[in-house]
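Two complexes, one shared chain (subunit A), two partners (subunit B, subunit C).
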Partner chain A sequence: MNKDWMGKYSGSSSLGLRPSSTEQVSQILAYCSLRRLALVPQGGNTGLVGGSVPVFDEVVLNMSAMNKILSFDEVSGVLVCQAGCILQTLEEHVSQRGYIMPLDLGAKGSCHIGGNLSTNAGGLRLLRYGSLHGSVLGVEAVLPDGTVLDLLRQLRKDNTGYDLKQLFIGSEGTLGVITAVAIQCAPKPASVQLAFLSCPSFAAVQQVLRHAKQSLGEILSAVEFLDQESMAMATQYLPGVSNPLAQAGPDAAQQQQQGGGGEQGGPFYMVVETQGSHAGHDKEKLEGFLEAVMADGSVADGTLAESQAQAAAIWRVREGITESLVRRGAVYKYDLSMPTHKMYELVQLVRQQVAHLPGVKAVGYGHVGDGNLHLNVSSPSGYSDELEQLLEPFVYEWTAQQSGSISAEHGIGLMKAPVLGYSKSSEAVNLMQRLKVLMDPHQILNPYKVLPGVEHMGRVEMYDDR
Partner chain B sequence: MNKDWMGKYSGSSSLGLRPSSTEQVSQILAYCSLRRLALVPQGGNTGLVGGSVPVFDEVVLNMSAMNKILSFDEVSGVLVCQAGCILQTLEEHVSQRGYIMPLDLGAKGSCHIGGNLSTNAGGLRLLRYGSLHGSVLGVEAVLPDGTVLDLLRQLRKDNTGYDLKQLFIGSEGTLGVITAVAIQCAPKPASVQLAFLSCPSFAAVQQVLRHAKQSLGEILSAVEFLDQESMAMATQYLPGVSNPLAQAGPDAAQQQQQGGGGEQGGPFYMVVETQGSHAGHDKEKLEGFLEAVMADGSVADGTLAESQAQAAAIWRVREGITESLVRRGAVYKYDLSMPTHKMYELVQLVRQQVAHLPGVKAVGYGHVGDGNLHLNVSSPSGYSDELEQLLEPFVYEWTAQQSGSISAEHGIGLMKAPVLGYSKSSEAVNLMQRLKVLMDPHQILNPYKVLPGVEHMGRVEMYDDR
Partner chain C sequence: MSKVLVAVKRVIDYNARVRIKPDKSGVDLTNVKMSMNPFCEIAVEEALRLRESKAVDEVVAVSLGPQQVQETLRTALAMGADRAIHVSTEQQLEPLAVAKLLAALARREQPLLCLLGKQAIDGDNNQTGQMLAGLLSWPQATFASKVELDKAAGSAKVTREVDGGLETLSCQLPAVITTDLRLNEPRYATLPNIMKAKKKSIAKLTPQELGVDVTQQLVTLQVEEPAQRKGGVVLGSVAQLVEKLHKEAKVI
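And now, the complex of A and B:
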């Protein structure tokens, strides 16, 4: 409970509590508030920015026993469940009833829905089903003083006062502890099509994205990209993972072995997924799309998943990159959003920055359909000040210059609290700090996270006197 | 500026200001904050709950001069504009560039986008494009003390700290004044299909909704209903408006003249719209849908719009109901959301309540696809205590019993501030009040609106000493 799964962050808490009801969460928070004891809520502990592990000796509030599904309405598609439910369990539950969850991410096998909301998780379906700020209908949360806030409505529309539930979506457990969730699920698509493509350049990747939006319209559900270096990581470090195009066509395999071609260090790979209600229509749209991208040369090679197993193998490559990098060693992770045409320029700049360091590799992949780049720098010899200084604040400054976000979907956590200012003005940070003081006056909830220097605001009592 | 368009609410302000820049808004708010002068921000003044007119002598902040479109990105579809832009002007602007606005409502010819955000307007496209909490990417707002909060990002994903822009969406100008907006537009559909249907009962209406979700899937963009009494209002009080089925088929016209049939006071009418990227596919899906609803008897008669003019005539009926009711006289308006199967029961109960009052009529219509009922009670002889006491708190209590919302999309404004408690717990209202005090400590911004009795919280200085 003291370490994150990457082994990058660790605290020294000696107390973990595992409540099984909202009432217990309320009692714990009321007690901790009175005694000025700090807590860190912990869901599946799959975060990437150190948001869910203690920094010092905070009490760990483990949410895994609050894993009940409370209701599912098969007419409206609204799921109500406790915060500790695992995303994949929920996906299976609603899938049997003709629906899918509006979000999907690599960590689905262990992440909690409460953690997903707290971090405003994005993931693979955001392009189609939008952000959790839109798809979450209700929340039950416990405030730091133990007050239970019942906002667990199941209504699509409810304009009765301030939309308080939004405060808990994306605030990373610093304003309250989410204990239950009502979420709008989407009808399960009758037809899911998946294409894996290779593109000679990042310009071609953007061209494919434009074609996909045009030809696939309302059935487009994901447009992902990975570069050659990401592919190499996944195939080298994950057992049983291979390049889907290496099986499909000798050209692609050859190209891969040669280290690719295009002027920007290609080839690049793309995953394009559609979800629709009519297989015949969907396939016809996909054929039109593939014809267009083949005809103008933006796609060099491609394959369509013919079975669930093939689809899973394709997704395994894309979703496995994070894991492969962790297996290789230390990873500096940057999760950025910016205008699409700028995305890969940064990967190349960073690659130049670290070129002289043996074994250090920069890889670029992510949700290109949402303008979201995952830039990862792998260092088998571990974390080092030298490497970090080559990367930061360079990456943040460059992103800020493009009016980008220094955290598209991973959140701020402990890792990025000091650099929040690259994406938010001082007026905005000031209002965030005032909100934090309003809702958590004794600063007991997930301290040191999200906000820079909130401990200097004057209302903090230290809790190491317990 | 002192009256709302329905003539229901009026104040006695003697000062209206019309800023043309964010800087001017900031100066006005800073001055008013210092002098403890109250203000009411006013957009198109098309609201239905008295939220945008002064109650006493508040300064009116007219936003109509802030009507510049700042940018439109034809690749990403992100529009950035000032808050005083009229929705229809924006729709025309993005339409010429291959996009549509993610919201559409009857008042589009005069409502402002800033007002749309402040009231979290729902409207006709919510079913397809979701709420503004999802589609708004950025906001610029001025806080009551004059601080300009620049949250005007154009990114689909940005998890850097608390999502402060959400505070201004739906808070009805009580926490800050929205001065500019960045909003994600949707690709303009290549094909829009519109069906106008009649159903023998409200059970049939629900059956049609189920079929529409199944057969039309991802292209479904609106499912609206109106009852026979709503149709009678629109056709009687709006010049040139007629029942689209009266032209299309003699059966429907006859049925209408006979005052309808079904066991629940039918016929009911429905508007079903699709928006898709492929006319051939969309028409095929629509044919499948129409076959299914004709076959099982849930639709008695129907017509498809064959031209833009016919589509406009159909929408005129649905969108004109509000206007026709105002032409008839006083209107008690209820904008409720609740489980779909409960919606029409309430209309019938209210009809019984007022049956003995001559000329008083209850009509039901709304966004059935979102569980949103507009229940309107028309009283040609004006507002009366007797009638009001028949309706309230009955309507609110009944709605609360169904775990519904007493304001699905219209907001709270002045009208519903005293009854907020029917939809929100005391803990939630308390947190709202504390947020209000945090952000507007002198209570200068849109006082008396949204929150019940915030003036009793102790930090209010009265401003009638100016």
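And now, the complex of A and C:
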């Protein structure tokens, strides 16, 4: 409970609590509020910015015992469950009833839905199903003073006053502890098609994205990209994972020469997925799309998954990159939003910056359909100040210059609290500070996270705490 | 021109969840993903490797059934098969009927080798390859985990997976070989090949043209789910275990 998934952040708490009911959470928070004891709400502990582990000796409030599914309406597709349910468990439950969860991410086997909400998790299907701010219909949360806030409605439309549940989505456990969730699930698609493509350059990747949006339109459900170096990581460090487009045969040698360090940094790989209600219709659209991208040369090679086993193997490559990097050693992770045409420029700049350090590699991959780049720098010899200084604040400054976001979906946590100012104005941060003080006057929930300390910002007006 | 004839079957995707129809007459196929039988995929891959190593010249894929099996033939063509044959029938086909149809095709095409998956994941019969060899009076090597063709000698050396381990057989060609899981890892069909496959020909034949009677000889009485697995119980002592074995399981 004290250490994060990447092994980068470590606290020294000596107390962990596992409540099994909202009532218990309420009692815990009321007590901690009274005694001024700091807490860290913790879900699956799969966060990537050190937000789910203690910094010092904060009490760990682990939600894994609150894992009951409360109800599922098969007509409306609304799922109501406790915050400690694991995403994959929920996916399996609704899948048996003809639905899918509106989000999907690599950590699904461990992450909690409460944590997903707290971080406003994006994931692989945001392109199609939108963000949690839209798909979450209701929330039950406990305020820092122990008050239970019941906003757990299953209504698609409810314009009655301020939409308070939005305060808890994305605030990373700093304004309250989410204890239950009502979420809108989507009908399970009758037809899921998956294409894995190889493109000669990043310009080609953007061409393919344009084609995908035009030709696949309403059935498009995911567009991901990964560079050559990411593919190399996945195939080298994950057992049983291979490049679907590397054929063993007489063409292989020729392919090896064409690929790898091509002048435009290629090849780049893309995963394009469609979800729809009619297989024949979807396949026809997909064929049109594939013919177009092959005709104009933006796709050099590719494959269409012919079975679910092949589809799973293709997704494993993309979803496994994060894990492969952790296996290799220390990772500096940057999750950035910026104009799509700028995305790979940053990767190349960073690659140049770290070129002189032995074993250090920069890889780029991510949700190119959402303008979200995952830039990772892998250092097998461990975390080092020298490397960190080469990367930060360079990456944040460069991103700010593009008017981008220094955290597209991972959140702020501990890692990015000092650099929040690169993406939000001081007026905005000031208002966030005031909201925090209003809701958590004794600052007991997840201190040191999300908001920069007072010394980083200008004057913050505090209300009387009682 | 030496050929290898590969039979492929369209079945429910290996990863799809299977439901029984409420009237228990069979499996519910509505909106279920269908794919090529995994063992047939392995057979196609092996055939392609034999052609790539120049042991044979042509790979011919064949599938039997209604119009939709052409999807599976397109997949075989996309993987690299040279041409395909669709034996068209709406009749539900049993392993013996399939074997008779394939035998008739083999007599027409005169292949060096018939490659089949060891069994289909829907029927799990594991009979067709064996019956085909019997009908043709050809040697058979089933559950192959390794195949080596000696063109000059006109024979094949096949390593088979059997319960006790591995058995290596040598048989004269033409022969029937059925594939097991560890024979190879099937390739992905690449886009250029998928596009090319659309233009490749699928010849259509009927059982009547092949002179085979495919009337069903078996009647399915009922299809039902396997009994639900009852939860286990953690016991506190050996005495409790003995009591349960005696009173509940009634085995002592």
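Some notes on this structure:
The rule we apply is simple: the second predicted complex is superposed on the first by the 437 of 466 C-alpha atoms of A that agree within 3 Å, B and C clash if a C-alpha of one lies under 4 Å from a C-alpha of the other, contacts with A are read in each partner's own complex, and residues count from 1 in each chain.
Assume contacts are C-beta pairs under 8 Å (C-beta built on N, C-alpha and C of every residue); 3 or more make two chains touch, one makes a residue touch a chain.
The model shown is predicted, which means the values in this text are computed figures rather than measured ones.
When both complexes are overlaid on chain A, the residue A:203 reaches neither subunit B nor subunit C. In the superposed model, A:126 makes contact with subunit B only, not with subunit C. Legend: residue contacts after superposition of the two complexes on their common chain; A:303 is shown touching subunit C, with no touch to subunit B. Put subunit B and subunit C next to each other and count what each touches on subunit A; the higher total goes to B. Of the two partner chains, subunit C is the only one touched by A:312; subunit B is not.
Taken together, the two structures place residues 190 of subunit A in contact with subunit B in one case and with subunit C in the other.
Subunit B contributes residues 75-76, 119-120, 122, 126, 130-131, 133-135, 143, 147-151, 153-164, 166-167, 169-171, 175, 187, 189-190, 210, 213-219, 275-278, 281, 284-285, 337-340, 367, 370-372, 403-412, 416, 420, 423-425, 427-429, 431-432, 434-435, 438-439, 450-451 to its touches with subunit A in the complex.
Chain contact summary for the complex, subunit C toward subunit A: residues 13-17, 31, 33, 35-36, 38, 41, 52, 75, 78, 187-192, 194-195. The part of subunit A that touches subunit C in the complex is made up of residues 96, 190, 195-197, 244-245, 247-250, 290-291, 294, 299, 301-310, 312.
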